[in-house]
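Submitted below is the structure of interest, expressed as structure tokens.
Going by the order they are written in, the chains are A, B, C and D; count residues from 1 in each one.
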Amino acid sequence: MPVPTHIFNPPFNIVRSSYVVFGVTDLARSRAFYADTLGLHVEDETKDAIYLRGVEERQHHSIILEKRGAATCDALGFKAASEDDIDKAAAWCKSKGIVHKFVERPYHGRTLHFTDPQGLPFELNFAMEKRENLLQKYVHYRGVHPQRLDHFNAFAPDVQGALDFYAALGFRLTEYAEEDGPNGRIAAGWMHRKGNVHDLAFTNGRGPRLHHIAYWVPTAMHIIHLCDLMSTTGYLANMERGPARHGISNAFFLYVRDPDGHRTEIYTSDYQTMDPDHEPIRWSLRDPRRQTLWGTPAPKSWFEEGTTFTGATLREPLFHANVIVAS
Amino acid sequence: MPVPTHIFNPPFNIVRSSYVVFGVTDLARSRAFYADTLGLHVEDETKDAIYLRGVEERQHHSIILEKRGAATCDALGFKAASEDDIDKAAAWCKSKGIVHKFVERPYHGRTLHFTDPQGLPFELNFAMEKRENLLQKYVHYRGVHPQRLDHFNAFAPDVQGALDFYAALGFRLTEYAEEDGPNGRIAAGWMHRKGNVHDLAFTNGRGPRLHHIAYWVPTAMHIIHLCDLMSTTGYLANMERGPARHGISNAFFLYVRDPDGHRTEIYTSDYQTMDPDHEPIRWSLRDPRRQTLWGTPAPKSWFEEGTTFTGATLREPLFHANVIVAS
Amino acid sequence: MPVPTHIFNPPFNIVRSSYVVFGVTDLARSRAFYADTLGLHVEDETKDAIYLRGVEERQHHSIILEKRGAATCDALGFKAASEDDIDKAAAWCKSKGIVHKFVERPYHGRTLHFTDPQGLPFELNFAMEKRENLLQKYVHYRGVHPQRLDHFNAFAPDVQGALDFYAALGFRLTEYAEEDGPNGRIAAGWMHRKGNVHDLAFTNGRGPRLHHIAYWVPTAMHIIHLCDLMSTTGYLANMERGPARHGISNAFFLYVRDPDGHRTEIYTSDYQTMDPDHEPIRWSLRDPRRQTLWGTPAPKSWFEEGTTFTGATLREPLFHANVIVAS
Amino acid sequence: MPVPTHIFNPPFNIVRSSYVVFGVTDLARSRAFYADTLGLHVEDETKDAIYLRGVEERQHHSIILEKRGAATCDALGFKAASEDDIDKAAAWCKSKGIVHKFVERPYHGRTLHFTDPQGLPFELNFAMEKRENLLQKYVHYRGVHPQRLDHFNAFAPDVQGALDFYAALGFRLTEYAEEDGPNGRIAAGWMHRKGNVHDLAFTNGRGPRLHHIAYWVPTAMHIIHLCDLMSTTGYLANMERGPARHGISNAFFLYVRDPDGHRTEIYTSDYQTMDPDHEPIRWSLRDPRRQTLWGTPAPKSWFEEGTTFTGATLREPLFHANVIVAS
């Protein structure tokens, strides 16, 4: 199947993945997880919401937790290159018949929300209140002190369609997993805007559903400490997979589940991809090292479970790959 | 069941675990594993044997590999405190009716060999040729550059008997796993002479068989590099368990199998135990964190497979613990 | 003094810093340094030149060493976004009266060379032969196994002029050191294209001269190993500064000098800067933490010595800052 | 000069270094340093004293801070092998005419205090209240979370005399620095009881004075974090030397000064020495790598400043070595 060709001059300019909006059922319990355990910085909180960011991030938040009756994900937020790009995006949505609206988010400037063809809630925002960089405020370092939000990974019922859609918005493929043979279908793809392995990835499966969000941390040592911390503070069951290394992206990773089941990857050590002639890496579905370079398989939950997007209609995948893929 | 009481003034003085003698079927293949991959230093070799040591070790070798028709372990070697202690040990064997003999080993001074009540081949040696410390010869660092042999772990059909036997030789218990309840039986025990968690450990099981030898390395980062190296140089199948952290001993570990199946643990981060009033830590067999603090279970092979000691008669364990134990 | 305002739509598109061309007096001696000690990969070599790259780099080389009678630097090479951008650059040079030419470099496509107003030899290249990614070829890891070329740092006689020139080419300021007071002059500035702290930095001083090139490595542990290795293999005198952490950029660094005196920084742990509204950090010249967060001052050589650019005419700086700056 | 010959059967049995008693002028300020910054665990405190321990230590404390009018050190405490050894020590003091007494220390069993021939206040204690091991209480990890007290280092006016005195008590030399030539004098020596490089070291200088106490930590990464933390929380001036690696002992170290000037070394990566035939390493005073393998010299304060022992009479050293030594 064709590797999607990205557009160098997309209809509007997206810089990177920027924030996620999670519905959670118990804010205090989520705060204990994200702030006290992972070590994200609580920038603001109300009785209905908590705003968190990583130590390097100067924007007000990269996670919004909102109190809800059930776990959900309202939006995957991306940074636009300018206010003008938001207008261009709205015009583009209109021209393509894509359902869209402007939504209000505290601490944000204008925020455009649209639903992509997979059903994924995509948001685009340029202006957000700024806060002081905490990178050298070492006294605040807690847990694994996530440094910055890096990417989103979603189940898509039509991976090829999803990759083609985002390639047309300037996202560029860096790695992909494919069936072998002349008619091999792409079962997963990793796409970036900001110049590393990904901002957004898709995996074949019932969807749209969020597989995980990911924060970058400096070293594997920090991730090992998080394992020690979580396993001795009542979060053993929240450690779903890892630590280990992906073949895809070369990431040293740990996957954890929050109290509502939302999945976060804590990872380090991928690579740069900003060259326009950077070529994507193909992995055969038959090569188990793409998922775990060191061999340990992922648990079943990791392949099957994900967060439902608010209001999205789930569809079964167009095909079932011989080998389950995700990473 | 009674925790064994060690003797402060044993009949002879053992300093620490010191060397192992492995029979291997293909010396070149073993050399590629131990020297080129793990990074042990080849101190000497002949067409029939290879002598290896860690970067901190000043004795000629801590592993002897001898060419054989089948995988086996001839001896677990310990360092005596003096030549005099070897004579005391021989006299003690005689007084106890323990089969013993003096054996020749190249580069060694006198070496006493006896068979313990479990059938384990125990050797005692004081004098060995010395070599230059390689700790600051950083140019020789390869693989995980094991720093020093740390301990042996064996399956024993009668763990209580094994622990009692070695307690009478001055080995001191640091941690143990026990069935719950008033008549709970000890299913595994860790004993030391040198002042850290162990020199010799026993696990309930068909035996005597060697479960593993272990080398200490400075940090988890080195172990992660070994995983990366082994998984990309044809040794993926030799990575049996880990990396992860044991609850018991707090060790961050990786278990690898050599081309003949001999198991080596590469580990870091245990603790000191030399205080005479240091008390052993009890773990319930019902507590899975004793094996892996982070929850990932060990594979079946790790519980079941081991190296046969040359000439030993295997016996089934005296009891089957409700929960398989080893660590 | 005014902080330079970068251009979002520059006359031609530069992706990142890409390669350096060093004249060295003894290729074998340089090979021992760059390949055997630092651990760069020798991709090709002739009797007159050596081509090296980092483990992540897919382009043929990021360092070219050419045999010469004296140490020199011929060019700082940057990656263009396309062949078309090279033509745009040539046209732009012509329109600005900037001396330029096309030069031949083995393994390269077209390469434009021009001299910037400071006298710095700037090269622009898009097409270079590609080689296999070595990131997961862990068996080749040696020394500090530099992962990728990250940036260049040069002495400039007119820092403000240099920053303004490159801002007009789309380079964006991320940090700068400035005299205090209403007329405080900028004494050093760090500018990027690729989305981290810098691709090119300038420090007030006699110039133009190259201060250093820099390679990114994953962790501080790798840099500590390089210190151990260099200090025990005859390269003690080549370790000029560090390891320590810069306040500016947050980099954990080590500066080393090659056998001809060319300086390389090995560093880790800076941060991302690709947001169009990312604001530069100002450091006062009076704050010593900008240079070394932990306080240890840099040696005099680090402030004074640099590599002469081939054919460049040295000029004294326009002013002498009260406090020597560089980082 | 003769390398001191240690006694294998000393008059009484010392296990290891165990605790220090510091007089400090402001308990709150010291608590902020030792507990909040270094990360030692406050086990108990009164208005006049604070008791601290490392995460691995099961004894009640390894540092006692007592409120005083001036900075001082009352005692260097060692663990005896038994109560009986304390009686043997008292009898030995009496037989040798060494001034001694029993002192009261909260949470201690009997504690013998004597003044050694250099004037150093030596204490011997076996029984101390025990507390729960915090090694796997990762939630308490703060700062560099020191794991265990490792050793003491003191200035002595007569290093040869000090080494001979402690050799007669069973301390064994592991490394020493000596003038070159047939009549070269020992200028510094490192001696152990517990099986690593040292429990007690002496450096030629005006004394007796305490040079430093030292805590062991698992990795260099933890020490780097401490540097980052101290340099950004008002403790920049308290970072006296490092991080770097000693040639002697191979320790990766950082020396910090508490608010009263008491010096603590935070270190990792020495080696084992428990073999009775372990031979000491000789360093020439002319070899600068013994102090810093990587070349950076120590500051003057590190060579000259130390803590006065309560009531001790200072003497000038017997000789002035050509090269200042200490490590």
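Criterion: a residue touches a chain if its C-beta (ideal position, glycine included) is under 8 Å from a C-beta of that chain, and two chains touch if they have at least 3 such contacts.
Here the structure is a predicted model, which is why all the values come from computation and not from measurement.
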Centroid-based (C-alpha) most distant chain relative to chain B: C
Equivalent-chain rotation between chain D and chain A, CA atoms, steps of 5 degrees: 180
Higher-contact pair (C-beta pairs counted), B-C versus B-D: B-D
Interface numbering overlap (same over half, different under half) for chain A and chain B: same
Intercentroid distance (Cα basis), chain C paired with chain B, Å: 50
Chain A and chain B: spacing of chain centres that average the CA atoms, whole Å: 44
Inter-centroid spacing, chain D versus chain B (mean Cα positions, whole Å): 33
Two or more partner chains touched - positions in chain D: 136, 219-221, 228, 232, 293
Residue ranges of chain A touching chain B (in the complex, touch as defined): 219-221, 224, 227-228, 230-232, 236-237, 239, 243-245, 252, 289, 293-296
List of chain A residues in touch with chain C within their complex: 15-16, 56, 58-59, 79, 81-82, 126-127, 130, 133, 135-136, 147-148, 194-195, 218-221, 247, 250, 268-269, 271-272, 274-279, 281, 293
Touching residues (chain side chain B, partner chain C) in the complex: 136-139, 141, 219, 221, 225, 228-229, 232-233
